[in-house]
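Listed after this line are the structures, all set down as structure tokens.
Each of the next two complexes has chain A plus one other chain: chain B in the first, chain C in the second.
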Partner chain A sequence: MSAIAVHQFAQCITCHAWSPDHSMIAFCPNNNEVHIHKLVEDKWERIHVLQKHDQIVSGIDWSIRSNRIVTVSHDRNSYVWNKEGADWMPTLVILRLNRAALCVQWSPRENKFAVGSGAKTVCICYYEQDNNWWVSKLIRKRHDSSVTSVAWHPNNILLATTSTDGKCRVFSTFIKGVDTRGSGTSSAGDTKFGEQIVQLDLSFCWAFGVKWSPSGKTLAYVGHNSMIYFVDEVGPAPSAQTVAFRDLPLRDVLFVSERMVIGVGFDCNPMVFAADERGLWSFLRFLGERKISSSGAKYGSQFSEAFGKLYGQSKHGISNDIGEASRSRGGIHENCINCIVPVKKEGQSTNTRFSTSGLDGKVVTWDLENQGDLSEYL
Partner chain B sequence: MAGHAGFVEADNAEAIITRIEHKSRKIESLLKQYKPVEALKTALEGSPPKTRDERCKSANWIVVHRAIMAIKDVEGMFSSLDPEYYDILMKYLYRGLSTGDRPTCDQCLRIHEKLTERAGLGCILRSLSDTVNTV
Partner chain C sequence: ANTLRLYLTCIRNTLEAAMCLQNFPCQEVERHNKPEIELKTGPELLLNPVLICRNEAEKCLIETSINSLRISLKVKQTDELENILTKKFLRFLSMRAEAFQVLRRKPVQGYDISFLITNYHCEEMQKQKLIDFIVQFMEDIDKEISELKLSVNTRGRLVATEFLKQFI
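Here is the complex of A and B:
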């Protein structure tokens, strides 16, 4: 079994992030708070509640080296939380948005973070030593709709975004005084802030969940049309592959290696995509165990299941703790998965662990070790 | 879809109509030879016509409709229809269902059931979410 830990933290989780040593988890239980839990003697205990936002927290990222938490919310603000003594102290970052902030990610060097928003803009925030202040620089007039996801290239300069206008774009985020010339690759070193490197126009509907491969050579993102897109040679002449699959659309993706991608979404069960020796991507299998039933029966049961949910919502109480055998769809998650995060220690080359959270309020940790058929792609 | 040789300019409606007429004659002759699956493939090729012109879309729909209605053995059809046609066929099934015509709906529902078994919910999602290449 590839799921090594299942924990029901809340009724619904919008996003989650791990502390650098993975002893703590920060998540938003679908409200304006961020809860931090710590593993104490095999039990998760709530040790902090970060209360500063006014509306739902839509993104959390916890930096590995500097041990800082950044949160963004539908209230259009962002906070950077620093641990001072026993408490987490917030610093307000004024994003200058007129719509909700939707996603956030620290850059690889942790000197910048990017925020995607419903205002059709991306904010690149960096710390200004002189003023003791986080400054937000905006990339405007590039997106035709909300920015649903952001992903940093390992070179700390390039940023990929997906949007509900169906496009995936790559920008330069070079900031004078923060980045040094030649710090990235040669092609990225001489670009201006906000310059669009490429616009990928593969999807005709909403795009979500963009990620770079560990080396930054390949880009993957998903569409709301049950397709996943893989892009090589991101630049003037990108080469793209599209893979259509037979199940419900994905919301987020994660590269576990150059040749393997995990996709999570409305099918409640992580999907494994892998590239063969020639670099051709295809759907491999589901990661969780799945009831094997004839498809006809499956659709029938889904309908009755949906009706059951409609009329019997009250039975969805908070059932704390581990190991509740899932009844509904034969998977571990019982609702849409909308967040996938690597569980990675710094300096580790291969990473086989990741965690997922979703609308069912569970956080599931997965390990791909001992998955015989997948080991060749790691 | 399914690699048609001649990519047509969006405003070139007359050329599209001519091509659809040609396709229609080909389909008739295939149906006379009792090759309904070949006829359906021919109908789906080059569909949807890459244009916003409703006249072209209707003309193409009439041709596809003719081919869909000629399918008698649905299981047999899927054993020789390649998966590359699934997405576009799903779109035309929904167009058929939207007509409200009883025999058309019956036929489309029958094919829809088998197609969903084969191509999954993803196929339905693709046909619903694509608002650009409408049929």
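Here is the complex of A and C:
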């Protein structure tokens, strides 16, 4: 079993993020608050509740070095929270969005963060010292539909986005005064802000969950058509591989190493994808145990009995004594997993630990240490 | 009975694939969250509808979008009496749609009853149980209608017998 910790935090979790030392977790329990829990002697205690948003908080990210939390919500707002003493103080972010914000991520150097929105735009926010707030620059008129996921390249300039129009795009987010030109790759330094480097049109269905590999060489994203796409050499001549799998679509992915990707989604079970020596990606296996779903129901048919069944039918997980028709698909998670976050120490390029959270309200931490067949890919 | 099993298995498998819903705020109106299958605000957010027919009289239409799913059923009605009974019975259920949560108050044009399942239902309830409910509902509907028909005929016969006794 590779799941090392399971905890039920709420009825339903939208997204979660870990503190830099992994002693605290911040998550949204499917409402407009952000709860921060701390592990105190093997028990999780709620220490803070961040209440500033009016609608559901759709994205949380906790920066590792600067210890700041950024939250975005469906109410078009975003706040950056700084720890001052015992409390978290919010700082206003001028997002200039006119629709909901869907996802957020701190850049690798933590001087910027990117927000994807339902307004078909991406906001890149940076801190303006003079006014003590975060200002945004918008990437407009590039996406045809909501931007579902954003991911920063390790060079702090390139940003990959996925959208419900099925395309994955890579932009340059160079901001004068915040980023420095010259150091690192020359191609990234030459481009202007908002310039589209490449548009990947591989999926004919909605795209979610984009991530770069630790070195930035490979890009992975998923489509709702049960496919996962791997793109190498992102630039003028990218080479792409598509892996189709027979199960339900994925929602998010994570690069555990250069050659291994974990995908999570509607199957309630993390899926492992790995690249062999030649660089060909394929689906390896599920991480947790699987229960096979079986169908077949027994039923009585008296009028009143049927009515009682229709009204009191086991929709809420209480087993029906007449006959259980099918089992849940996944083992540990009972509902769709929609967020996967690495649990790693800063500076490491490979990590064997990650955590998943889902609509069942559980946060599960997984470790790949003792999975023998996967160790060659790490 | 054999075709019923196949029909229901097909519907169950389609629902397992179609019920992959997620929370999605409206792109047209700020701060709103609408079931996209009902309002159809963006064509890119809708998936292809699937029509599963058992025969000309019985079919099931499954339409999905990114945050909602609509299932419309047409129930077998072989004669006028079954027609009336089905309409009355399903209207009775539809009027109490709040109790069922996933039922739609009016069926889609051309069908007898419709369900509307949103991402909120999937968050509160288990997906497998929702699918079980729909399939169970379909199985029970046929039985209920035939029972209703039987009881109507029996009652008619009894009433007629009693009434005509006075003329003997």
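FYI, the second predicted complex is superposed on the first by the 338 of 378 C-alpha atoms of A that agree within 3 Å, B and C clash if a C-alpha of one lies under 4 Å from a C-alpha of the other, contacts with A are read in each partner's own complex, and residues count from 1 in each chain.
Here is the rule we go by: a contact is a pair of C-beta atoms (placed from the backbone, for glycine too) under 8 Å apart; a residue touches a chain by one contact, two chains touch by 3 or more.
Small disclaimer: the values here were computed from a predicted structure and weren't measured.
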Residue contacts on chain A - larger count, chain B or chain C: C
Touched partner set for A:224, first chain B, second chain C, both or neither: both
Partner chain in contact with A:204 - chain B first, chain C second, else both or neither: first
Which superposed partner A:246 touches (first chain B, second chain C, both, neither): first
Partner chain(s) touched by A:74 [first = chain B, second = chain C, both, neither]: second
Shared contact residues on chain A - chain B and chain C: 205-206, 224, 248-249, 295, 299
In the complex with chain C, residue positions of chain A that touch it: 11-12, 14, 30, 54-56, 58, 74-76, 98-100, 102, 118-120, 144-146, 164-166, 205-206, 224, 248-249, 251, 265-266, 293, 295, 297, 299, 301, 303, 306, 309-311, 313-317, 325-329, 334-336, 338, 359
Partner chain A, residues of chain C touching it in the complex: 9, 12, 16-17, 20, 22-27, 30-31, 33, 42, 44-45, 47, 66, 93, 99-101, 122-133, 135-137, 139-140, 143-144, 147-148
Contact set on chain B toward chain A in their complex: 87, 113, 116-117, 119-123, 125-126, 129-133
Chain B-touching residues of chain A, taken from the complex the two chains share: 204-206, 223-227, 244-249, 295-296, 299
